[in-house]
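Below is the structure I would like to discuss, written out as structure tokens.
Per-chain residue numbering starts at 1, and chain names A, B, C, D, E and F are given in the order in which the chains are listed.
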Amino acid sequence: MEQDPMREVKRLEVVIDALHVEAVLRTLHDAGVDGYTVVREASGWGDRGARRPDGISGVFENCLILCAVDPEVMEQVTTGLRPVLQRHGGVALLSDAQWITH
Amino acid sequence: MEQDPMREVKRLEVVIDALHVEAVLRTLHDAGVDGYTVVREASGWGDRGARRPDGISGVFENCLILCAVDPEVMEQVTTGLRPVLQRHGGVALLSDAQWITH
Amino acid sequence: MEQDPMREVKRLEVVIDALHVEAVLRTLHDAGVDGYTVVREASGWGDRGARRPDGISGVFENCLILCAVDPEVMEQVTTGLRPVLQRHGGVALLSDAQWITH
Amino acid sequence: MLWRMDPSLLLENLRTPAILFFVLGGVAAILRSDLNLPQPIPKLLSIYLLMAIGLHGGVELVRSDLDGRVFAVLGAAVAFSAAVPVWTFFLLRFKLGTADAAAMAATYGSISAVTFITANNFLDNLHHPDPGYTAGGYMVAAMALMESPAIVVGVLLARLFAAPPTSEAEPYAGLGGRAPGRRARGGAARLDGGELFREAFLNGAVVVLIGSLLIGCVIGERGWTSVKPFMYDPFKGVLCLFLLDMGLVAARRLSDLRSCGAWLIGFAVVSAPVHAALGIAVARGLGLEPGDALMLAVLAGSASYIAVPAAMRLAVPEANPSIYVTMSLGVTFPVNITVGIPVYLAVIQWWWS
Amino acid sequence: MLWRMDPSLLLENLRTPAILFFVLGGVAAILRSDLNLPQPIPKLLSIYLLMAIGLHGGVELVRSDLDGRVFAVLGAAVAFSAAVPVWTFFLLRFKLGTADAAAMAATYGSISAVTFITANNFLDNLHHPDPGYTAGGYMVAAMALMESPAIVVGVLLARLFAAPPTSEAEPYAGLGGRAPGRRARGGAARLDGGELFREAFLNGAVVVLIGSLLIGCVIGERGWTSVKPFMYDPFKGVLCLFLLDMGLVAARRLSDLRSCGAWLIGFAVVSAPVHAALGIAVARGLGLEPGDALMLAVLAGSASYIAVPAAMRLAVPEANPSIYVTMSLGVTFPVNITVGIPVYLAVIQWWWS
Amino acid sequence: MLWRMDPSLLLENLRTPAILFFVLGGVAAILRSDLNLPQPIPKLLSIYLLMAIGLHGGVELVRSDLDGRVFAVLGAAVAFSAAVPVWTFFLLRFKLGTADAAAMAATYGSISAVTFITANNFLDNLHHPDPGYTAGGYMVAAMALMESPAIVVGVLLARLFAAPPTSEAEPYAGLGGRAPGRRARGGAARLDGGELFREAFLNGAVVVLIGSLLIGCVIGERGWTSVKPFMYDPFKGVLCLFLLDMGLVAARRLSDLRSCGAWLIGFAVVSAPVHAALGIAVARGLGLEPGDALMLAVLAGSASYIAVPAAMRLAVPEANPSIYVTMSLGVTFPVNITVGIPVYLAVIQWWWS
């Protein structure tokens, strides 16, 4: 391998109303992350009560966003994310991970 | 910000048969967590063999439950969860994470 | 409990094109892991541009694979995984976790 | 008058297959059966229903000879959709915060396409000899026009009466109840006009309905014949399947009722006949036939649970969807389709005769 | 007798579009094609089929004049569903643990709605001049009644014969094989009666079937006419699509067969004709017409793969679904719909003539 | 000739309901409406369309009396599918790397079933008095045969001209642009023949199409009548719904066009009429009727977006799907169904008269 086999990254995980995913992704993008993954049709429960997509109104659907963030841009990500979470609710978790580079 | 920008939490992740999700959620709720997220229609493989939702019998469907747990209630969560896992199989992983409060 | 209540494991998370999930699972299986979980229909964005399943061509679908790996077999897993990622793209993250045994 | 109403219309309505399936869904949910139609089945069904009703409406529109009265109806429809939110808002402000009151106002000013479709189905199944007992194609146009104005008015109300941004926003009427510091805060002002327009007029449901209406206007009889076996013949059967799901969803919403309060539930029950009566009066004033009058009543009395919630979540995120969706889907919708429609028609029959 | 059976019935069955699509699905899966119908398509199709068969059954039920024989048929059906699990359980206990034997018993006592529908389709396509070759609407009622008793009996058997809770439970017959300490343990006793009742009688499939049957009884001819273009006309075509998926799923289950053993597979193959023969004998005793006799045979010979697995996972979680679902879906279902149905009819024709 | 083409055919096509719904979808996507049909709805619709077209084709095939000309058509179809990729590959290599050129070649050699279906729909809606203006059932067989050869040829080209494995592979034409070290590398050689065969011939779409064609051949008139209300009558209506989604997807792909370059877009636009013209010439040479000639033109001029992408992702993973899917789905498909089909028919009418 010409590179280091592992790279330290921050693993960011956001759960938010499906409608606001675009706002989160825009934030991530602007902060300079180089990728993300979105899983749709999650349900959940939190401050806003139970959120279970009912299929009719489309209202109570959550999404899970996963993003491996370079520690260097972590600061911008957090700064950008806070107002979005503040306005729209949702949860953001941060942990340490290693990216198996190749 | 009037609060601490980050809060240390335990990140709990349970994979279990779709039918038993309610039991896990009840346990979490009783233990006093303040939210959770559920992703449906996962497939997997474990002790019970391959689990791939076939759409006909509805049998082999897994769910993924994600929960940011306050370290204080972690003990109750683990205690409550064990018998459920024992009875119905499934996997529970615990790791450290930081909640980006806002 | 006749066993240790917690077991240290490595938490592996792979995001890859839905078509190549089988290759990853085969690798994991050969390396000797004892289970995994797959979440389908993820979307995302990375080196290969945006990946949003369009439902018509079926092309731009990602999957998320979650696997609790015994530290002992971690070496084999990484070795087996690298060529797959190299060939097909995708992301693999590794972190520490505890398995709530029961 | 009403207390002498012939109960046969009510029974007739409750024997309609679609209504019975709605009841089945409700009963199944109340008995806690695991029956459900997961996404995207309801989405498929609702797109189908909107396409079919729009297309048929467009075809009928071209068939009929339009006169001035049609434009009067359309104008009245738009006026309704814009005016209802205003008084609804000020009434509800006695009990709700600004955001929730505005979202409820938009919800009740807008319309429910499925209520409209169910009323149409009811009329159809009557097989009334008088042709005045069918709805004209322009009523579909009226429905399409009523979806959006209420959204615009609702958002404007939320902004005009929003608390100044520096102060802490109204306490969230939510069901959880964590530290207030995590609450969403007055941000309605941040959504720009373009986004609001897009939500109000380009919501998927609105686009399918208006698009299909326009397509129905241009395809001609030959085009209509070619798609009729899909777009018309199975319509009533598909409605059964959809209402089965509506019954499940509506009854499952009921568990949120407790946290909403009797006052609000009373509003959701009463607003339907009150607005419907207003619709009937306008229909009478415009000299409409009984069929069209029923449709206007139903549009006025129904509340949205698709287009408006989508818009409100973006434009007024401080409002709690558990309130406005529960009220429109769990209370007003069932009231309208089980009891409302036949009662409105009885009133119309009594007045028109 | 049978060895002189006219093979034309068999060929006739294999030329039915629905059966051919089942074969196509099976071949595609065996060739490892990537063809699949993801969730919730199969769910949508199976709810549609249950609604349609229930509704039609209800309409037919009202049309026919019920006499005492109908109640005899319904009683026999319930008795079958309750009795079959008993001997099945004691037979299978020779080879399986208590939990798995009980789950298999419930599976084989209950019925497969799609086998029923396929048999009905087969009868219909025969266009037999004798009206006795159509199934009465009450056979749908019989089917609905047979879903649940087997579940109750199966769970009771599991509890009565469960190992005492202190001892280590039976070794899991699973396919993985990790440390036994992680195994699920005898917990059947923990499920309370209410939950068991809900699973047995309020399973989504049961609710849709019985609900639609009741709705079919009350909507009358006019209601039926209004939904027929969706609920009846496309039925046989939708069955093709559903059986295509059943073929895929059944063939993919086959890879689990290896771990199940020849003995069990033998049971799954043989139980179908044995129970069907019993059903035929009862039908003869009750003096049923050939059409109804075939339906009773098929109900007796078929095994559940929707309602029972859902209930067993909750009530007897120690039982391994890879065993009971594989047997019913991968072995008994294909045997019944390809060979069973025409053979049962041939036997009936020979006996009744 | 063409500049004197009667514009009525073009207008006729643009007034077809299916095309109008395609336009509606495109407009909705361009206006950034949130309208969408989530998975697996499009999958269900496309399996339905393939089943229906295959079944009907099979039934028609048995009805017609086959002569030598049919085999000539089938042979020409296979030859087309195998030959088109060759020149396409060498042409595109001027601008693209080997992998992308090979994937594009396979894409354009193969066919689009929905374009075929739309052309069929167009012919049907013409209600032309001359029976030569309907497509024969063997054209469905020709379509089925054209799906796979292009895949095999494309993969072979990718392998023959692949860069030697030691060197760094061609720079990825992707849209992201991270460190080149993370790039996928020349690995086409690793896929064994069995997997390639499976992808080319056992892709879900191919299996459903060919399987339904064969089933259509054996079910006979009675079988066809029994499934017609599902497999034939609603077909044109379902096509509307599917094309609505195609419009959404195609227009949303357009945002990837910028990164593809004018040269490639030019190819996608021009290749359709060029290959179609070739198809028309061959049809003329074989003495086909106008209806069959149009279908051959459309098969030749269309590009795949289901079977080929699935195969290429496995067999030539270095190729960028954002290129070949965008070109076939976002450019060639709309060109063919809106303008191409009527123009090809105009040319055929001019030449055949």
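Following the convention adopted for this analysis, contacts are C-beta pairs under 8 Å (C-beta built on N, C-alpha and C of every residue); 3 or more make two chains touch, one makes a residue touch a chain.
In this text the structure is predicted, and so the values were computed from the model without any measurement.
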item: Distance-maximising chain from chain C - centres being C-alpha averages; value: D
item: Identity of the chain that, by mean CA position, is farthest from chain A; value: E
item: Whole-Å gap between the CA centroids of chain B and chain E; value: 34
item: CA centroid of chain A to CA centroid of chain B, Å; value: 18
item: Distance between chain centroids, defined by C-alpha means - chain E, chain F (Å); value: 41
item: Contacts with 2+ other chains: residues of chain A; value: 34-35, 39, 41, 45-47, 86, 95-96, 102
item: Of all residues in chain E, the ones touching two or more other chains; value: 37-41, 43, 176, 178, 182, 229, 233-234, 310
item: Residues of chain C touching chain B in the complex; value: 1, 5-6, 9, 11, 25, 29, 34-41, 66, 68, 95-100, 102
item: Complex contact set, residues of chain B against chain C; value: 13, 15, 39, 41-47, 62, 64, 78, 81-83, 85-86, 91-96
item: Of all residues in chain A, those that touch chain D in their complex; value: 17, 19-20, 41, 45-50, 53-61, 86-89
item: Chain E-touching residues of chain D, taken from the complex the two chains share; value: 15-17, 20-21, 24, 27-28, 31-41, 124-125, 127, 229, 233-238, 240-241, 244
item: Partner chain C, residues of chain F touching it in the complex; value: 37-43, 46, 172, 174-178, 182-185, 187, 190, 245-246, 249, 252-253, 256, 259, 305-306, 309-310, 313-314, 317, 320-322, 325, 329
